[in-house]
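Everything on this sheet refers to the single structure shown next.
So that you can tell them apart, the chains are marked A, B, C and D in the order they are listed, and the count of residues begins at 1 in each.
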Amino acid sequence: MGSTWGNKFKVSIFGESHGNGIGAVIDGLPAGIDIDLDRVQNELNRRAARGNPLATPRKEGDQIEVLSGVFNGKTTGAPLAGLIRNENTRSGDYAKTKDLMRPGHADYAASVRYGGFQDYRGGGHFSGRLTAPLVFAGAIAKEIIRVIRPELGIGSRIVSIGNVKDTEVCDWKVYKTLSKGFVNPAFPLYHAKLEDAMKQEIIAAMADEDSVGGLVEGFITGLEPGIGNPFFESIESRLSALLFSIPAVKGVTFGAGFEVASLRGSQTNDAMRFNDGRIEAVTNYNGGINGGISNGMPIVFQVVFKPTPSIGKEQQTINLAERKEAALSIQGRHDPCIVVRAFPVVEAATAICLADFLI
Amino acid sequence: MGSTWGNKFKVSIFGESHGNGIGAVIDGLPAGIDIDLDRVQNELNRRAARGNPLATPRKEGDQIEVLSGVFNGKTTGAPLAGLIRNENTRSGDYAKTKDLMRPGHADYAASVRYGGFQDYRGGGHFSGRLTAPLVFAGAIAKEIIRVIRPELGIGSRIVSIGNVKDTEVCDWKVYKTLSKGFVNPAFPLYHAKLEDAMKQEIIAAMADEDSVGGLVEGFITGLEPGIGNPFFESIESRLSALLFSIPAVKGVTFGAGFEVASLRGSQTNDAMRFNDGRIEAVTNYNGGINGGISNGMPIVFQVVFKPTPSIGKEQQTINLAERKEAALSIQGRHDPCIVVRAFPVVEAATAICLADFLI
Amino acid sequence: MGSTWGNKFKVSIFGESHGNGIGAVIDGLPAGIDIDLDRVQNELNRRAARGNPLATPRKEGDQIEVLSGVFNGKTTGAPLAGLIRNENTRSGDYAKTKDLMRPGHADYAASVRYGGFQDYRGGGHFSGRLTAPLVFAGAIAKEIIRVIRPELGIGSRIVSIGNVKDTEVCDWKVYKTLSKGFVNPAFPLYHAKLEDAMKQEIIAAMADEDSVGGLVEGFITGLEPGIGNPFFESIESRLSALLFSIPAVKGVTFGAGFEVASLRGSQTNDAMRFNDGRIEAVTNYNGGINGGISNGMPIVFQVVFKPTPSIGKEQQTINLAERKEAALSIQGRHDPCIVVRAFPVVEAATAICLADFLI
Amino acid sequence: MGSTWGNKFKVSIFGESHGNGIGAVIDGLPAGIDIDLDRVQNELNRRAARGNPLATPRKEGDQIEVLSGVFNGKTTGAPLAGLIRNENTRSGDYAKTKDLMRPGHADYAASVRYGGFQDYRGGGHFSGRLTAPLVFAGAIAKEIIRVIRPELGIGSRIVSIGNVKDTEVCDWKVYKTLSKGFVNPAFPLYHAKLEDAMKQEIIAAMADEDSVGGLVEGFITGLEPGIGNPFFESIESRLSALLFSIPAVKGVTFGAGFEVASLRGSQTNDAMRFNDGRIEAVTNYNGGINGGISNGMPIVFQVVFKPTPSIGKEQQTINLAERKEAALSIQGRHDPCIVVRAFPVVEAATAICLADFLI
């Protein structure tokens, strides 16, 4: 279990990388909301990173078919189901290496969990490909939010790739502008000029048949104060649960994150003031959340992605069937840096979380 | 909503800092498990930090009364309810400042969320005091785990307070030893000699009528591979949701955490090998989890705590009722560093999460 | 598990008949709702049937203490916890017969389910006494509904006891009047004159050291159309789940119930019309629900209660410990007909269900 | 919301009668279970009642495509998704009558609930056609149960149609035999000779352009004692919630059902005895359940179906758009008695409920 989430925006994702299809069913949608299928498809295209030379050469159409829940261009209130057929699968690639546990992948953990019956082809249900249903659900969430909270902005930016780092924590006033778009939307940076240096990190990793990690920042602007709950249903609890469900995520922080460990309360308390009659905080060390509830400031959080575990470089591992050690060099089509495709997934998770709070 | 959690170990916490009582109801317990109420009370005493001069001088008995679910010293299988009466409350302290939104606290966010009807005394339901029911639930979870997985170790250590930092990521082989105990269990450090320096950080903050943050590491040893789920019910998703429900937590990472952002896949992939016939990884950058599922290595994660928001130092804030700015200096009894009381809460969250997976 | 329910009005009940206390925690309440504790206590008194010579002579105070969630007479939005201490327990009554499985009770099923560790005294968690927390939760639900839907009426009546039957299905126009009250609120009948005959059924059963069953009808008036959901979250699904959680309930029907099995569609379809501009149905065979959703007509449903299983008359049963057959004559204080105390519980379940839909 | 159910066997159904497709996603399946797709398809064929002259002449292929969760003929442990394409839809049939609220249907309730945006064609998500995904999920549940509880029998029989009634409550010893099959599996009767008389009831209703209701009994044999929970997760609560999610169900009873209202406790208590060392009850008035938990006797329950609301006979109703009264005669292809297709749906709901308890 683990592929169902939500209190009000209830999403159930399904599929395996090389099965008949992948998709999602979303229950709990309000009726009468316009669904622009072009915008929805576009979110999937952003994730697919088509034409991006730094992404996997596997060409996935990722064409979404809506099976239910939309009638005359609007939500019906019934569950909205979407299906993406798997194409361009080369399942044969995987059969010969199925007993070799790819380090950093779920192969071994899943083999134990499912007694070896999991679909091993391309990682099966654990494949990064399953982020496509997440992005689909997020795209539907964005359509809902667009109508019920038009003032909301949801965005993301690449903070670092390898050793190239953009500004880590931006001034909170900047996020409203960032939510309008980036110089290169396909490579969203606070300092656009860092794009080449970051790409060089990826190219250098590729040259070594290796991969590289990075950092993504997500943000929400325009969220009114008073959204969220204490404890287990805090914004942080709900959103982190979704973000950690994205393959390769190993850390999530809100606001100034780990920096606050070495600071004083007088620094991180975010003094409050009136600005033109509106309540605001002077700083945003808390990332827009106190006690699990939005305080009216931008919600800002960072998500760390580990390097893609699939690398061509030879690695030491085990053959589970033969119970002996083995060397493994993963061939096939892989992303040398997941970050360049992951930021739309971070946005999708954010949109799903918001829709669940706001519906 | 937000005070109920769990699929199998279902915990519902209740209470406000200055109300009649706080507590928790736990549903889903197996029957026939020995409950040692002394051990349970001891976990509450660890959190209460009684006699610790660096903790709040508010003397809370935190005496637990079990109302149901235990008969003849064993669980009955029916819901186990525990009640802690509030004592030594000085509610008068809060009435005069109720319209002053304490920066860094939930006051403002909660005022909007609950239309001003929340119990403002001592933070009400948002008080750090509500970690006592969490610790109670965690203590019950530990009793269950002790029986159904005696080989499991759950522990925590202080990694940093202010600018004094202990070793950030320990060798994975060390955790089994750490799970047996620390030189000073009330101040668990990898390098015990750092205790004084850390305490000086707290004393220095106190002297400035300020507070200071820190970092806690939690760990689980002896967990078999194959526990957990993909996506929304991954160990990371479930555990982070619980950890972020602890007041003052602003970040959660697993394994090497943010360090992996700048590394290569060949470094972070955790090569696998056989050791005396047992499968193990050479390194533990993934913190014992792949694809949301345990891989047999120690589960290791870090939790950042912001400085306690209650400080004596004057801060700028607003008076919400009068809608004007105001200066605030918080008197009363507060913790200058929550970390010294928070590590047992991290363990409690960990035990609750594990019990939910293992029952 | 099984003692937690609700999507928005989340109730968690706890307690055993002879333990320290019983109660409920309710999460998800809107803040700022007036809670009249006298009305709440009165609902508990209705269930306790104090002074009713036909009910068990066990004198239960059933005094509720609210532990949290109410401040200055209003809900705070935090979980509302209520505790009822057990008094007047004669636990010794049960020890000597603990291995004798009382027929019609949960003794044997629970012994297997909980491996014999359940609190056997007075039925433990399975005791009819656990309807007190249900009634408490229902009373809180009624307080909420009183504010957010003042036009709603929730009521119940006794339809039959033993072989004395009141009108089975009333004309739908009658329910609005019934929701205002009955001639004898402690014995609510459509035809008040049947009270004596029904009581004679009970007295006759008592005289035989036996018990007798009966039928209760619950109803909701003033509910707007459009409340509810298709399938698993239909009004019928949600309400029946709650009603079947009341001990001794063996059947639930909506509208004309089992009668519709032998009718034609042209009879049961509830033709529609305009009445003074308002849409209404001519008849109410569907009990106010179509497709799981309210249609604006009174919601009407019937609940069958089996005779109380505790009887003085000798019964054949087994001694589980000695694994042999045994005769059992249950002494002690028992209700000869649960119906006279159960109708407030039916209302409580109804109010909980409604609050969950309407919050 | 309302189309998602389950704690362990989590099913999410989707689709509208005239949309692109209908189906279900099931999460929580154990891995490695053989799935015989022919048996699964056969369950769908039973519901489709192909070739049955008494069922709707709409010819639905109901061909299931499994999209995920099955690999090499066995469950993978990942979500199992199934899709049925809608065929043979004559959507034009419905456009012209969309503002005419069909009495007995969800049209009016759904119009209010969804603000008129629901897919009105053929009842949309409220169509009886949505029982196909239920049957699919039930068929998967049966496959699981076949492996994890091979001794279990799940069955159903027609108890009455219109005024022709078979034996209402059978001796409990009979159910084991019944679970092996019926003389005519497509028309399962305790007394097979009643088939003609029942069919005459249907034919008579058809002749009058009317429909007729009936009663179905479901049963489970071979279930060990100790399955289930008290209160909200009792077998009765869980199973009734599923049964009431089947369109047209208006009542559910367990054991002797409404009969117990007029009986004495000494009659309904089900005296216990040893039979060849096995514990059993002498009678089964409680339908195999005490305190929400199985007691080892057959689980027996009855489900009342109202007459199909779609009838050719002229009915009085309203035109919602024009807000005036109107006469309606429903043409098209409809079932004159849903019972002949509903009993496999009752079995499916039963299997889903059992799988949720037993996994």
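Assume a contact is a pair of C-beta atoms (placed from the backbone, for glycine too) under 8 Å apart; a residue touches a chain by one contact, two chains touch by 3 or more.
From a predicted model like this one, the values you see are computed outputs, not experimental measurements.
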item: Fewest hops from chain B to chain D - one hop per pair of touching chains; value: 1
item: Selected pair, greater C-beta contact count between A-D and A-C; value: A-D
item: Longest centre-to-centre distance from chain A, chain (CA-based); value: C
item: Euclidean distance of C-alpha centroids - chain C vs chain D, Å; value: 26
item: For chain A paired with chain C, centre-to-centre distance based on mean C-alpha positions, whole Å; value: 46
item: CA centroid of chain A to CA centroid of chain D, Å; value: 39
item: Residues of chain A touching at least two other chains; value: 1-4, 13, 78, 113, 125, 230
item: Residue numbers on chain C that touch chain B, as the complex places them; value: 1-4, 8, 10, 12-16, 19-23, 25, 27-28, 31-32, 65-69, 71, 74-81, 83, 113-119, 124-125
item: Residues of chain D touching chain B in the complex; value: 7, 78, 230
item: Complex contact set, residues of chain B against chain A; value: 1-5, 13, 101, 103-110, 112-113, 125-126, 130, 160, 162-163, 205, 208, 210-215, 224-234, 236-238, 240-242, 244-245, 247, 249-258, 260-274, 279, 281-282, 285-287, 289-296, 304-311, 313, 315-318, 320, 323-325
